[in-house]
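We just call them A, B, C, D, E and F in the order they show up, numbering each chain from 1.
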Amino acid sequence: MPREAEPSANEKAFLLKALQDEQIRLDGREFDAYRPLELTFGDEYGVANVSLGKTKILAKASAEVTVPFADRPLDGIFTIATELSPMTAPHFEVNRPTETEVLLSRLLEKTVRRSGALDTESLCLVAGQKCWSVRVDVHVLSHDGNLTDAACFAVVAALRHFRKPDTSMENGVLTVYTPAEREPVPLGWLHSPFCVTWSFFGDEGETALLDADWMEEQVRVASVTISLNRHGEICQIAKLGGVPVEAVALLQCTSVALTKVKEFSTYLDSKLAEDAKRRDKGGFMAELRAENDRVVG
Amino acid sequence: MSTESPLVVLPGESIDPSLIPTHHKNPLRLGPGLRHIPPSEIVPTVAGQLVVDNRKTSMWIEYNGGRYIPSQNDLIIGQIVRSATDFYYVSLSPYTPNATLPHLAFESATKKTRPQLSPGELVYARVSLANKHMDPELECVSPSTGKADGLGPLKDGMVFDVSLGFARRLLMAKSREEGKVEVLEALGEDGLGFEIAVGRNGKVWVNSESTKTVVLVGRALRETDEKNLGVEAQRKLVKKLVREMR
Amino acid sequence: MADRRRINGPVGTTIAPIYDDAPEQKSQVAMATRSRPANVIRKMYLKTGVTPSASGSAYLEIESSGNGGSGLKLSCSVHGPRALPRSTPFSPHIILSTHVKFAPFATKQRRGYLRDPIERDLGTHLEAALRGSIIADRWPKSGVDIIISIVEGEQDREISKAQGIEAWDTMNALSGCITVASAALADAGIDCVDTVAGGVAALVQDAGDDAAPSIVVDPIPAEHEKVLAACCIAYLPTRQEVTNLWFKGDLPASDMDVYTQLVEKGIQASKSANRVLVDCLNETVG
Amino acid sequence: MPLDTSAYSLALLRVDGRRWNELRRIHAQIRTQAAADGSSYLEMGHTKVMCVVNGPSEPGPRRGGVATGGGGGGGGGQSKNAEVAVNIVIAGFSSVDRKRRGRGDKQVFELQSTISQALAASLHTHLFPHSTINISLHVLSQDGSLLAALINAATLACVDAGIPMTDYVAACTAGSTSTYAANDEGADPLLDMNHQEEQELPGLTVATLGDSDRVAVLVCESRVQVSRLEGMLAVGVDGCKQVREILDRVVREKGIKMIQEGTVERGVGLNDMELD
Amino acid sequence: MTIAAPEASLNALPRADGSARYSYAGYTVTASVNGPIEAQRRDEHAYEAHVDVIVRPAAGVGGTRERHLESILQSSLAQIILVKNFPRSVIQIVLQIESTPENAYVNTKLVQASLNLPIIPALFQTAVLALLSATVPMKATATSTVVAVVLEDGSKKIVADPSPKDIGEATSLHALAFTSHDELLLSESEGDFTVKEWDDVYERAQEICCQSAPKQAGVDMMLDDDASGPDMRSFLRSALETKVASDLYWK
Amino acid sequence: MASSQHVLLSPAELAYLHASLSLTPPIRPDGRSPTQFRPLVAETGILPGTNGSARICFADGTEAIVGVKAEVERTRTRHDFPSLDEGAEGDDDDLEDNQHDVVKGDNDWVEMTVEIPGYRDDDAGTVFLSAMLSEALLADGEFTKRLWINRRFHWKLYLDILLISPPLSYPLPLLSLTTHLALLATRLPRLKSEGDEDPLFDDDWAAAAYLYPRPAAKKGSKKTTSFATPTARPPVTLLVMAVGNNIIFDPSKEELAVADVALAVSVGESSNPSSSTAMDIETEETKGHHNLRILSVRTIDPPSRLTPPGIPNASNSAYGANAAGAKDTEKKKQQQEQARTAESEAVEGVWKAPRGGAKPLVLAALVQKVLEKGGVADEVLDALDGVDLN
């Protein structure tokens, strides 16, 4: 059975020593500094490529018309699929969820879905009969720690970039327009939550780091993931066990997290604007034509 | 790109017989990346640069990347996984079968005096047996002299992962001339004192009095490797890092 | 979790309706009466060595009850004995694992791909029945898989469902499973103390109000007004021992003799099944 | 929303008549079951859970849907620390509207792993290498603060099992009368939320170690203004201390009782008495 | 419409042994290769390495279609890898489809019964590139393409790298792959076609895949300059030369 | 599976246990008499949130909780089932003796789940247990009829059976008894609406009627469940095993480990027989006593088959893997010869897992022992009467 390699005793010891005695991280980052965060959009709508240092994540949003759940006839369906393939690391198996995977998907679930970032009621087409099923697939291409924050950013980016086909209702007849006929429309988006994960080190968890890389994650004794939006609304906090940490420290973490979230959100906005411009100038018609060909095919 | 256009070969391409060195008595020695299909065909199995050494009548493929595959007499840095009755299980790289290191394969080791290694500790060892049908075997003592010559447990310090190619360059006899690795010398010239051990399996162990130094060396090595820095760039990098640290 | 092994229809589809016979026709079918004498089982066809890839296998077919309904068709394959995976703890005996599965098309209502409780329950019964017959300690640290697929079940499941008592058919299926599995085991050359075979007997109420309940072997529920009780027996003839007993029904405790008669009849049924089994095995050996 | 803050602001009483900083009635027992190494039964209001602890013992076969924590990975058997395996069974009849949770329910899995990680940090798992501590929890009735109740029950059961630990891990929930939309400063924090309050108001679950302010578990699943956090957290941490007192009393009373009954002879510490 | 030249970037994923990102004709695929690594008991082979191929769709969960693609690729890739060199081990190839030239909302159907032939070349090519970047020893390299037989005003026309439009109208589709020794490695066909047609298809595919690429480096490579579609082999070579050059910058 | 989990007893211990249990009278490890049950603590109505609940705790610490929840569900009419659609106008009384009576139950109306800690809910053992319990419950068509509200609606009954403790001994009897009590304590809200209109219920819990009406509460409940059989009770499933010629009830795990055969016998009780035809069979109406009915019998695969065999000194020279294996099989051969003649006496004092099955006579005796007048079943039911249902 392929197993995950743990860092050696020397590495663990040294990492702690560096952090606690010298206050330096192996890559020379500040404790509250993220690795360079990069976001690129594909030609398709709703494809976000996010890289956070050596952690690379691809998120793809897609939509199809389907039947709403019986118990929620007025809501559309919104799912976030996080399946870790062996591409993440060879010990992940398809169809066999690991703890990492389940916890990740729960965090995204709570951060994006339960916090009502996407207006699911706007996905309803015909009450109880037809609705949009929006789905985001998170693909971890390379895992070098802090999947949560990267994945969350990718999901939000993909969803905000995504355009679903336009529809109309005339006397009870639902028509779904191809991109050729009508320019696809964005999703009903309410707010953009982001995850910020702190990792704690030391017997009392006194040392706190942002955006731990894989090595650091393997050595940490506890972690807390805080999800906020730029309006200072907490969407979710998860410190799922681990070594206890001073309550005050957690409060500090939260306030720092808020500033980070604001950075994220401005970065994302700028990227979206950039992309919109790119598509607009001239590219727009080409876009249509390209779509056109696809539709016929 | 270097001056003389290097000959890049892909797997399965036939090699121009004229290139194959011949010698009246020394047999031809094939290095990594080549395979001999009897009677006389020699075919590359990986993509890389064909290097021919006529004096040594040897030829091999120069390439970088991929996973470490143990071969005899490689020096490696391994991690103790657990101890069996009379040998340790040692991991050379993740997800690969463990190598075995006999308890007595240390300098002047007896049942009583052998080093007691616990899981997670590091050893600097030589591959004594590598065979595709068997898990590799290691030793921390030269069978001929019975001396350790530098091999054995590695205490403290830090391990940094580098590419296999870079590890090989660091291990070259004249790493500076042939391997174009300047960074270590540069660091030394800046008056940084540190010990270093390089494993063929892409691991570099660095230790020093000062934690800062270790981190600095580590970053210097990594960046040199990842950013493909040339001699001058390496010197610049070291300067920069040293400035940051101070 | 989505089913990734096969291609399912899109969401929101409805199952195609089953056009059932008009009730009166059905009732006629249901009223079909038993042609055989009470103590005779249906004809059955048994053949071993049908699956070359398996270490042992057998196929069993029981003739269809007269009225257009179909009989039972089972195929069983035995894999092993083979070494247990490293993870499992030491066992001084061979580990039996039995799987009984109705083919999706075996019965009138389509069966699912995953084993439902009934099928799992069958598996457990079968395991109990077989474990008594094999000499388990000849094969320490090893395991054997016995896979039975019911290619065609009793067609009349529909009716028995209407009566709210599927179990009667299940019992017939079980007795078939036992017989065929025992044949396959013998074919696989796994040591047994004796050849075990299954038999069913039932206390039935025939049509007509005055008819007194009677005991018949190898019952076909459709042929009787009502099945009051039934039992399925796995029996080792030469040792005269029962390895598995499954009685179901509703009998007053006051008359135990009915129960005992049922069991005896069950044994008798099993014996007659066993004859077929032994003949079949002799053919392959001789 | 039916449970609007106006009603509260009038009488300063909550739907179930409690004040803002009032816990619901907590009733707990340990040693509820002879068969297990440790066991407990705990009620927080109408939330009722049972816990059974077995171990530390040989690691059994890997089971589906059991979160394992502590141990620092390394696959149970090989690890230097005991692994804490938690299994939660939520009875079908526990909630008002019966909903069947299939195997591999992510939420349950999250609960399991949270409890496992929380206890692993407090238990001295390094004393039992290559072994497993099996904690199985049964939810009999749900009325809010489920996670808190589970943690408390598990802690008690571990004490009963005599597994050395740093201190109690005590948990409770805290909420706020403000909705995430309303940004009113007049919003009060609430202690120990019941099901209805959890539905209507933002809240969080917090577990602390002993009577320190150190937070082992902090789970918030509802949208709330960041400014509310401090208040809620403070109330929660304080609540945990109250809960710890209650748990401690339960253990001591049981201990005294056992000494009186002569189950154990006098002068033996609670923790080491079941160590056998 | 003209198709842009194929693009490839190697070692895009820092933590894998080897990886490649390949995009051509609207398909973009990322592949990671890990190996040889320790095999699980179930696919451990005493004398050779097990080649494990995993295909993951961009949206939705992998289903029967992906399994089918995997089996096709697995059998053909195992032919060119020197599996005998690494007994009892696994060479793990994960292919992540990033984008396809279909409509964004057509390919979200979770499982489709139909086999997706046109994507095979993209997957195959990416896999080969990733294997090379992971320096997994191979007998030979290989190239692949897809060819459609389209009925155009009465006459059958053979189209290489057909657009979704062509595919829609095609009477038959053929995915082929050739080793660098010009041997046919993979051939999957769909639709009805005559032997003659297949021969034409074969010829066409061969000339795309097996144009005798210049053995020496530094020779100009011709990419889709004429109708014959791109010369896959020289493309492969150029991609590798760039990699080797950057790897051995210090030489 | 729960019955065949590993028992940590040495062959010698097993041999001794088997010997002492086959003495007459048998000597049981815990000194019980053959027919004696383990002492138990029982309480009902522990969960106000449910329609009925019960908890039983055996002395050995095994503990189970059963909760019953009822929900109103719309009856989907079946095509193969005309009786439901056309129906008969008359009121319930004459429907009783209707050919196919309108008061019709369906097994789908009862959903039973068994939770054994550490076992998946589709584990063979768990399935077997729930199959056995529900089989007994549904054996007479009567039970589901109690859930009938009107032609359009019925109660859907959910039985959740939790084993709290780890399964030390085979949990079947425990679960069965607990379920029995829970069902006895189950009450359904009183129906206020008439006929086939959407059901309206009296929300006064005190007025709610017991699913199994008591003689006392009989008149009150008569209205709602008119067809109910006054002194009927849910079935109980008893575990009986035989060692040699001895029949032993409620075996502990250790005892089960040396059982030659183990049976699960489900008995119910009803005064007026469920099916008209059963009348005919019934020879003499039993008065005064519990009117027992046998509902189902199943052999339980005894774990004894999986116990490690001892090796007689004769062939004990064999150590080391292969030699032992060879020798072993030879020995087995001889043993088997003996076995053919007499299974029981192999080598004296050397444990050997039983082979083959049980003699029909033994099986008959087992069942007889359960059902005979004043037999164990009677005792158990009397004992259960003692439990007060709040």
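Heads up, the rule we're going with is that a contact is a pair of C-beta atoms (placed from the backbone, for glycine too) under 8 Å apart; a residue touches a chain by one contact, two chains touch by 3 or more.
Note that the structure is predicted; figures quoted are calculated from it, not measured.
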Separation of subunit E from subunit C in steps, with touching chains one step apart: 1
Chain located farthest away, centre of subunit B as origin (C-alpha): F
Geometric centre distance via CA averages, subunit D-subunit A, whole Å: 30
Chain centre separation (subunit D, subunit F; CA means) in Å: 35
Distance from subunit E to subunit D - Cα centre to Cα centre, in angstrom: 54
Cα-centroid distance, subunit C relative to subunit D, in whole angstrom: 49
In subunit C, residues with contacts to at least two other chains: 4, 10, 89
Overlap residues in subunit A, where contacts from two or more other chains coincide: 2-4, 6, 90
Residue list for subunit B, restricted to those that touch at least two other chains: 95, 119
For the subunit B and subunit A complex, residues of the former touching the latter: 79, 91, 93-95, 118-122, 154-159, 205, 211-212, 214-215, 218-219, 244
For the subunit E and subunit C complex, residues of the former touching the latter: 41, 61-64, 109-113
Complex contact set, residues of subunit A against subunit E: 1-2, 42-47, 54, 56, 58, 60, 62-64, 81, 83, 85-87, 89-90, 94, 135, 137, 139, 141-144, 164-165, 178-179, 291, 293-297
Subunit C to subunit F touching residues, read off their complex: 20, 23, 26, 89, 91-93, 115, 117-118, 120-121, 123-125, 127-128, 131-133, 135-138, 140, 158, 161-162, 164, 167, 193-194, 203, 205, 212-213, 226, 228, 231, 234-236, 239-256, 258-260, 263-264, 267
In the complex, subunit A residues that touch subunit D: 3-4, 6, 97, 99, 102-103, 105-106, 109-110, 114-116, 204, 221-222, 224, 228, 232-248, 250-251, 254-255, 258
